[in-house]
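We call the chains A, B and C, going by the order they appear; numbering starts again at 1 in every chain.
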Amino acid sequence: MTTSTGLLIADLVGVAVFAASGASAAVAKRLDLFGVAFVGFVAALGGGIFRDLAIGEVPPLAFGDWRYAATAAITAGAVFWLHPQLARLRTTVLLLDAAGLALFTVTGTLKALDAQVPAVGACVIGMLSGIGGGLGRDLLTGEIPVVLRREIYAVAALAGAVVVAVLQRVGQAGPAPIAAAAVLIFVVRVVALRRRWAVPVATLRPPRTQDPGPDPR
Amino acid sequence: MTTSTGLLIADLVGVAVFAASGASAAVAKRLDLFGVAFVGFVAALGGGIFRDLAIGEVPPLAFGDWRYAATAAITAGAVFWLHPQLARLRTTVLLLDAAGLALFTVTGTLKALDAQVPAVGACVIGMLSGIGGGLGRDLLTGEIPVVLRREIYAVAALAGAVVVAVLQRVGQAGPAPIAAAAVLIFVVRVVALRRRWAVPVATLRPPRTQDPGPDPR
Amino acid sequence: MTTSTGLLIADLVGVAVFAASGASAAVAKRLDLFGVAFVGFVAALGGGIFRDLAIGEVPPLAFGDWRYAATAAITAGAVFWLHPQLARLRTTVLLLDAAGLALFTVTGTLKALDAQVPAVGACVIGMLSGIGGGLGRDLLTGEIPVVLRREIYAVAALAGAVVVAVLQRVGQAGPAPIAAAAVLIFVVRVVALRRRWAVPVATLRPPRTQDPGPDPR
């Protein structure tokens, strides 16, 4: 599979912003230099490793191309020394995460389509490789995964993935339309954060008898 | 590898019941529509993705065949609108999980054997692909993984996997015996839940001096 | 890919010590026989499965070679019956984990280099396959992942991986130098535990206004 320069740049920028997102979250948890580097590393490379395994790209680019690991390590280190103060860290994590979500969803969908994965599956792979980095970051730092919080997240990625698949189907998958799809994901996600766009929660009547709750073990 | 119709149906029913299991668990945690869909999705497709990667089926069927993702999404959505009330949700999650465990263990073992994985490894792959969906659901919803609770779980799956491997070795792997193996796993697991079948815990003398407990970081 | 006898022995010893590490951690959490076996299993085989998927070894050796699963199962069972008492379990888990980290990092780096992965990526694969078992054990038992605690861990593994890569580049990758690299990782890690070697934490000024903390969902 040939990786165009544009796709490589988008992938590396995605690696950088997810590394910064993971490193920021680790700084907020008072982890040390190596903990910050490791969380940044997992957040930056996890989504791409999953994507490459799913499409049969072996070894995953995160291992086959040294620039991926170098980008992640340098960015995480930079955050360790140059990070914003605590009050702005949460916002920083979420904004960088939105950028990474947008970039990785678009590159993931394109790479899956390139690998002859059918359109539906390619959109799912794109969405999952966009989500994966944030999920790894949140699981490692003991936070509720961002994909499960109230503001819409996964569906913003899925919408962008569908746009990319449609563009590719109609032969319009040039750099500008593809970049527009990434911007769409980012904007939808950031607006959802600011306006707390959410969808309904399933209605549950309170139990009449006391629910014993989950198994204590 | 050819996928017979029976194997496909069993796999899709397994996808559906695990999607319902994950969606029910998410409803109990008061997640919103997309959170319910995502947990259902991961629970439904996680085990199969692991199995397909382990046997070299690329891309995994969850991405290569749109019916897998569609089944998961539709079932999760149906649970969101039609779910039972809270007092019955826990039981629902566990019964559906037992059905998914049975179906995925059987299809996973058969697919691994088909892919020339040796018998022992094929049973392990079958057991892990049966367990994987519930594990993903529990990790995402912050519950103690069902495989680690007191009632027997993994060994029920392993027993069924061994039955499937033996049936295949003696050339008796027709639809009826294979279905019987799945029923065996389901029945053993459900009876274990009702009768709280468990095995011993390792004996530990209480410490004489106070154990400081895990590292506070 | 040919697996020399030395590499196989190192891999199986790594499987055994990680199985013992995982089983010990599960005993400390008062899990039952099957829970102890499962955590031991995941800790023992997780790192190797990740490594084999990353280098395209399908099916992973954990499934393709019955001796891996057998070693893990037997060792976990032995720990269940022969475990030390609670006050010494934590130390036991950490010492065994250090041995597994050393062995799997070295075998992982060598196998990745054997599979033509470039040197940087091979070192990362080696480090991650050394870390993976402990990470799985800690996530399953609800502990803070050992890789994120204060005493150095990942960087000890990475240093050993780099030594292995350099030895292989200069054609000195014989059994004795490779064993010395494993011993190096183990010694660095154990000394770090005893002397609490750590690196700085990022400085954070306390917030002037009260930080609302993470999203309560």
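In this text, a contact is a pair of C-beta atoms (placed from the backbone, for glycine too) under 8 Å apart; a residue touches a chain by one contact, two chains touch by 3 or more.
Keep in mind that this is a model prediction, so the values were computed, not measured.
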Report summary line: Copy-to-copy rotation (chain A on chain B, CA atoms, range 0 to 180, rounded to a multiple of 5 degrees) logged as 120
Query - Shared interface numbering between chain C and chain B [over half = same, under half = different] - result: different
Query raised in the report: Could you state the distance in Å from the CA-based centre of chain B to that of chain C?
Result: 26
Query raised in the report: Which residues does chain A have that touch at least 2 chains other than itself?
Result: 53, 139, 144, 148-150
Query raised in the report: Which residues, counting only chain B, touch chain C once they are in their complex?
Result: 53-56, 112, 115, 117-118, 120-122, 124-125, 139, 144-145, 147-150, 152-155, 198-202, 204-209, 211, 214-215, 217
**Report entry** Of chain A, residues touching chain C in the complex
**Finding:** 27-28, 30-39, 49, 53, 58-60, 62-66, 69-70, 80-81, 83, 85-87, 90, 139-140, 142-144, 148-150
